[in-house]
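In order of appearance the chains are A, B, C, D and E, and numbering begins at 1 in each one.
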Amino acid sequence: MELYARGQQLLRDQPGLVVVAVAAMLLVGDLFGKLLGGGLTAARFGGFVWDGLVIGLLIGLAGIGLSLTYSILGFANFAHGDYISWGAFSGWAVAYLLAGIDRYAAGGLLLIGAGDGPAPGDVGVSITNTPGSILAGLVVAVGFTIGVSLLVDRLVYRPIREADGITLLIASIGVAFVLRYLIVFFFYSGRQGVTDISRVPSYDIGGVVINAHELTIVAIALALMVGVHLLLQRSKLGKAMRAMADNRDLAQVTGIPVEGVIRTTWILGGGLAGAAGYLVVLTQGTIAYDLGWLLLLLIFAAVIMGGIGSVYGAIVGGLVIGLASRLSLIWLTGDLSSFAEPVAFGLMIFVLLFRPEGIFGGVSTA
Amino acid sequence: MAAFYLLFLGVGAILNYDVAGLISILGQVTFFTAVYALIVLALNLHWGYAGLFNIGIAGFMAVGVYTMAMLTAPPTGSPPGLGLPIAVGIVGGMLAAALVGLVTALPALRLRADYLAIVTVAISEIIRLTYNSPAFSTFTLPGGIALGTGGASGIGNFPSNPVRAIYYVDPSSAASGTTPIGAAVFGFFEAVFGVVRSAVIVDLTYGLVLAVVVFLVYTLLARVGNSPFGRVLKAIREDEVVAKSLGKDTNRFKIKTFMLGCALMGLAGVLWQGFGTGAVYPQAFRPELTFYIFIAVIIGGAGSNTGSVLGGAVFANLLFLLPQYLPTMIEQTFSIQANPNNFIAAVGPIAAGEIAPLLGYILNQRLPALRFVFVGVLLVYLMQNRPEGLLGHRTETAAAVDLSEGHTPGGQTGTDLTAPDEGGVDNE
Amino acid sequence: AGNGGGGDGGGRTLSQGVLMPLSGGLSNLGQPIRDGATLPFNLLEGNTEFTIDSQVEDTQTDPNAGQTAASALVDAGYPAVTGAAGSEVTIQVAENVLIPNNVMACSPASTSPAITDLDDNNLIWRTPPSDALQGQVLAQVATENEGAETAATMYVNNAYGQALSNSFVSAFDGTVQNEVSFPSGASSYSSQLSQALSDDPDTVVVVGYPESGVQLFRDYYSEYDGSTPFLVTDGLQDGDLPSNVGNAMTNVQGSAPSASGPGRDFFTTEYQNEYNSEPGVFTSQAFDATAVCLLANAAAGENSGPAIAEQMQAVANPGGEEVTPSTLADGLAMAAEGTEIQYQGASSPVDFNENGDLTAATYQVFAFNEDGYEATDTIEFSA
Amino acid sequence: MSETTATTEVTTYDDSLLCVRSLDAGYGDLQILEDVDLDVADGEYVTIVGPNGAGKSTTMKSVFGLTTYMGGHIEFNDEPIHGLRPEEIIHHGIGYVPQSDNVFPSLSVKENLEMGAYVLDTVPDDAMQAVFNRFPILEERQGQKAGTMSGGQQQMLAMGRALMLDPDLLLLDEPSAGLAPDLVDDMFDRIDRINDDGTAILMVEQNAKEALKRCDRSYVLVQGNNRYEEDGDALLNDPEVRKQFLGG
Amino acid sequence: MKEVSTMSSESAADSIGEDPAVDTAGDGDEDPPLRVENLRKEFGGITAVDGASFTVADESLTGLIGPNGAGKSTTFNCITGVHEPTDGAVYFNGTDIAGLAPNVIANRGLVRTFQIARELAEMTVLENLMLAPQRQQGEALYRSILPPFRDGVIEEETELREAVWESLEFFEIDHLAEEQAGNLSGGQRKLLELARALMTDPDMLLLDEPFAGVNPTLETKLLDRINQLRAEEGLTFLLVEHDMDIIMEHCDPVIVMHQGHVLAEGRPEEIRNNERVVDAYFGEQQ
């Protein structure tokens, strides 16, 4: 009786929450049913989880930069996805060059196989076959994207620093167009294979196949995340960033070198975006001019779900989005499988209903 | 507007169009100007007036036009529809868009502006992917009525553009006989200009009908803006807590506005992607469409209806239509045979003093890509130089009467201790 | 009442538009097809008394943009168009721009069965066969070559994919366990693959384009052992696919409308000369489409859509002097003089029925290998 | 009462710390200040009073490089500082407490103070402790988000932050606004003490009676122009000034 | 009543909540316009208002004073629905309004100003004031749009315009009428805030430090107006103010808040002489 009354109270106060809880319980129950009943093998389930983790880490990595620039410069940077793409193209161009320069002309290598360039199987880049060029590519991806973001800031955003967020947002859509189609101009518009899948060793862990590239991604992504964490935690930079996010005029009055902090923000955000783009290609094995743009909405969903301005929010949001979009495939079979992405968006909307500020919204960053 | 007509007549002339071609290009200018103006007006209501940062426009347009198509397509066709009259389809499309707007608004309006934006774009993507999914390609309603979205192939069998009924006995077939009006109009054009394709006249007529619709919507929104209702919207955009503390039920205002705007977006969808193009496909509603509309609003200057129409016109003509003709115009002027298929092959010969391969690469391979680069650069330029839109900073006062009038200058109260400046507002 | 008049061949202008996806999702396919479609112009230049006026427009792989592009051609007065490529765009453009304006079109790459039934006043034609046939070919290959009793299909979620998958399913004698659609241009197809392969089918039919195919087969080879036989369709007939995927793809066969018309070799040589690359899928159909349109135009004696359409069967179907890609210039002269001709193309003999489809279709069965693909068989159909 | 005549040539007082001459400034195209002259000597305590909208805050912001500079001179320690950016001006030894929006709402109290010392390499503990001693509530609430402090508490925090660097000149825009009486008193006492410790003060106050009582010298600003310059008590006793600006 | 003192700097007495002085209004036969009972508001760990109870008598100008952070603004926020109280009741004209939406409360005639002025920055001063009147016909969408109704809307707007200009002249900001409110100076914003609240035609006004930053000459004039409104139109005022001269001269009674509850309530002289109040609030000033 008591329980009943309490339940009724809860139903009245938080009807949405109850519905969600019930739905979640049903899903988990069904999941166990499937796992035990054999409708879903543990290996397949594990595969979904692992895939979700990998893509989630990448979304989170890219999301950190978006989140930082969002809160500090006060606008949603729709060009972020194209920073990611440039990271991928610049990094892989160099990785290709280094891996194949002894056998092929530099031109075709730099264009990652455009026109009549060498095919991926011939160049043979993979983490085990050409670890050096892969790592060099990563460094270039980070460096080049930092360069792109600083240059764009100097040319586009800085002259309109005082403008409102929407003006900047629209400008960033312009930047996005320019960056994206410059890739097409220099490289190509289709999707092209990059890595040499025949030389990527994979390991069977309890039926879940994990390949060396995925392991590389997880290692690098985690390392970068820890690095950012330490940087923001150990230096006063993190606080200065939040101060600027709060009130840029006051930050100026207080003596915070506003332009310097902005530059640092771009360096961090651009660098991580470049790394994420580079790593995305490592897991997909293919490269396309719009690969960042395709990810952008998911990244936004992750950042918003986590709470704008929060580094941890972006990471957690990324993982949730990644896992949700993969795990939902357990239920979304057949023609419904195209709903994996909507599920991720739907989840974000749900989170916002109960935490309008995002999961980590209002919680300090560093 | 006349400037755009002239511009495109010029384009037509460069491209050696005949009279029919010229009329057709004017019809296109009218059509795209009108549809963009329409959708931009709707967005201006959301964003310019009420500060609702809705970047799910494409989704609401899709709901409008899909609903119209599903209501009016014949039950026997593929995908099957309900076979209802066009008017029901149009109203139904607007209502459906408004309802989806309501469903979006109820939870989303609690969020801050940029979160609302992401929620709306997410919903728009959900809508598009739903229409795109083969799962609903055809389905059966509980009552046994078959209905379908056509999946990725969309719906193409809904009744055609209603203005065709003015000219043709059977509006669905151009081969059918003409009505008396049709005969008269076609005859008139034939007499004046020589032979003119009848399809061109139909399109031009449709463009004019749309212009009338734009005018009506403009009037409607001008009234909304210049009224106490619009004033509350403006206040909500500025500071919702204040509006609430002054006794305004801000949620009601927001929901009403959101629904009205969505209904207009649905209407724009019906008139543009529905009757304007004759078939509806999910891929027409990608987020890029929404961005285009935002760009148009920005060009005109958010918050101003006049600006919206202007912005729609500028975007439609200079950024959408003109770039479509540019490649051909360029190709007609220069023709370069060299056609290297990658960038290195294009720039390599420059060392040897040969510029032709690069030009050939640009013209023959990468012109479409450069068009987008151009749009992007232009956008950035606009934001840096005219962020308030082409009309500059315009503040349209939100009131049904001219507020400055009521002042009786007799009451000079202030001594020299007030009035530092004489209220020099920079509204031009 | 055209300007040039009937009999005199010389000096008249033949106008021909080309409408292709040069940007957007199909741009990789569209650009070579465009090259195939414009090749006749280059070959004829200086070799004929006709002046040829042509213009290329980009559909951006988008039905709406396609309409604007088509309007540009119509407004510029082109009575006939080679295009478009994707069936969706072709249908939309035909219904809303070309047919109302009495402009005829011959598509070199739209294979959707829906095009057969268009209410088109005889204006819409095509040089590849309808997919209604290709489904049967695939079913035949699956049963006869692979002895498959079970199959799964994976198809790109658009008109082309849906139709072809359906036509395979209805033609296949065994059981089709799963029909899985996938979006084009996605970054991973793992989940779709695992669904298609979940019941261990004897063969998997994949309907798609290289853009998705690269990713799909990469995902397949990195996650599975690569032993299940796959069948692909014309959209995936791409010699670069194995090298791009990074696998010899020897478990993959495919079918495609054969490009083995009488003028095949001539076309291939010229294409290579002109563009420095191998002719890709549908490029020879594109050549033929343009060629037939030009011949019909010459025969019609005026730049008018319906008049040209009227001559399409006359210049292409059996009976009269043979015209091949290498004798196109002569063919134009003969057509203009009213001589009865029959065009024998690069892709096929080009023989139209009353719907504007090919009466007979030859399909090529091919198998992938390290260097691309090679033809293993041809299957002929007459509808 | 001596009305200052606007001099165009730059005459610097010998001991002048801040010297403003013929300053024109405003926002965008809108000019607010016209020909403003102002001096603060080393260690001096100067106030600016005047009606609402006279341009008092604008003057302060102009000194700190936050408005559109339109002409004239501002020198600090004999170095021109007009046209410099605020973070450079801070380096010259000027601190500024704006009239409103003067804390970082989502930073904690302690972090707000740390930001005050951003230009230093490390946060000086003694400076922090000194601020805590001046405003004990800040120490108590050092973890609370500044945005959730009461209006008066925020005012203290803003003062505390400006003091972190121990500036030579402190610009205060209405520091007593919103403070409870004991704190108003207290605040003025503290300002006195800060001034006694050698920091020059330039302060805008609506609480003119109190301000004029305590300052060394005062300017009256009307319509973007400085009208009167006088020592505080003299102004306080000037009947016309009383009538117009001090509410009788 | 025991409570943990969190404000060590001020030496507050421990048990004050039940001070009989609080209950001055008593249970008269007529409901007072505003009665706050045992109001509590917690933010996370901080209790901003801690069981405050008081009443405001009809047509009075009641002062609400207290040290910074005493909970005055929070009390306002709870009364007007900006925050939902954690506990307690707020009776306005006899009905409990605690937890209602701000607009509902404002519609019932209880309106407030904000301590930190919240002008609608990108609207003109005129628009700011035109917005304020409640239940404008034209706030219904259909009336604004449809021709037969729109005439009525225009008529009403014309009337409002008169009133707005009068108000602007009174507050001496008529020269700024068409200025964007965001361009006003600090003091001008406070004036606008007050003028706007008055335009809503309230029964009762809660004013949160309306004069902070306002020129003293104008301040006097505004106080005269407040008294006039009380006398002529029966308005009730609750005023938060730190300027003791104003409180002592104009307010009666005066409520003193401290650490979230009511420390004392009474006539100004009583308050001034109340030892605890002196300790907590005035300091050594008096």
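Basically, contacts are C-beta pairs under 8 Å (C-beta built on N, C-alpha and C of every residue); 3 or more make two chains touch, one makes a residue touch a chain.
According to UniProt, the chain labels map to these proteins: A, B = Branched-chain amino acid ABC transporter permease; D = ABC transporter ATP-binding protein; E = Probable branched-chain amino acid transport ATP-binding protein LivG.
Because the structure is a prediction, the values reported are computed rather than measured.
Counting only chains that touch, the fewest steps needed to get from chain A to chain D is 1. The fewest steps needed to get from chain A to chain E, moving only between touching chains, is 2. Counted by C-beta pairs in contact, the busier of A-C and A-B is A-B. Of all chains, the one whose mean C-alpha position sits at the greatest distance from that of chain B is D.
Taking each chain's centre as the mean of its C-alpha atoms, the one that lies farthest from the centre of chain E is C. Look at where the CA atoms of chain B average out and do the same for chain C: the two points lie 34 Å apart. Measuring from the averaged C-alpha position of chain D to that of chain E gives a distance of 30 Å.
If you average the CA atoms of chain B and of chain E, the two centres end up 47 Å from each other. Here the CA centre of chain B is 52 Å from the CA centre of chain D. Looking at chain D, one finds that residues 30, 51-54, 244-245 touch two or more other chains.
In chain B, the residues touching two or more other chains are 132-134, 341, 369, 417-419. Within chain C, residues 23, 27, 157, 181, 183, 277 each touch two or more of the remaining chains. By the touch rule above, chain C contacts chain B in their complex via residues 22-23, 27, 31, 55-58, 60, 62-65, 67-69, 71-72, 74-77, 88, 91-92, 95-96, 99-102, 114, 119, 121, 157-159, 161-162, 181, 183, 275-277.
If you check the complex, the residues on chain B that touch chain A are 53, 107-108, 110-112, 114-115, 117-119, 121-123, 125-126, 129-130, 132-135, 287, 291, 294-295, 298, 302, 340-345, 348, 366, 369-373, 375-380, 383-384, 387. Residues 220, 223-224, 227-232, 234-235, 237-239, 241-250, 253, 256, 260, 395, 397-401, 403-408, 411, 413-414, 417-419, 422-423, 425, 427 of chain B touch chain E in their complex.
Residue ranges of chain B in contact with chain C, taken from their complex: 12, 15-18, 20-22, 24-25, 28, 132-134, 137, 151-154, 156, 173-175, 197-200, 202, 273, 277-279, 281, 283-284, 321, 324-325, 327-328, 331, 339, 341, 365, 368-369. By the touch rule above, chain E contacts chain B in their complex via residues 80-82, 101-104, 106-107, 111-112, 114, 118, 120-124, 126-127, 130-132, 134-141, 144-145, 150, 153-154, 157-158, 161-162, 164-165, 169-170, 172-180, 196, 200, 215, 217.
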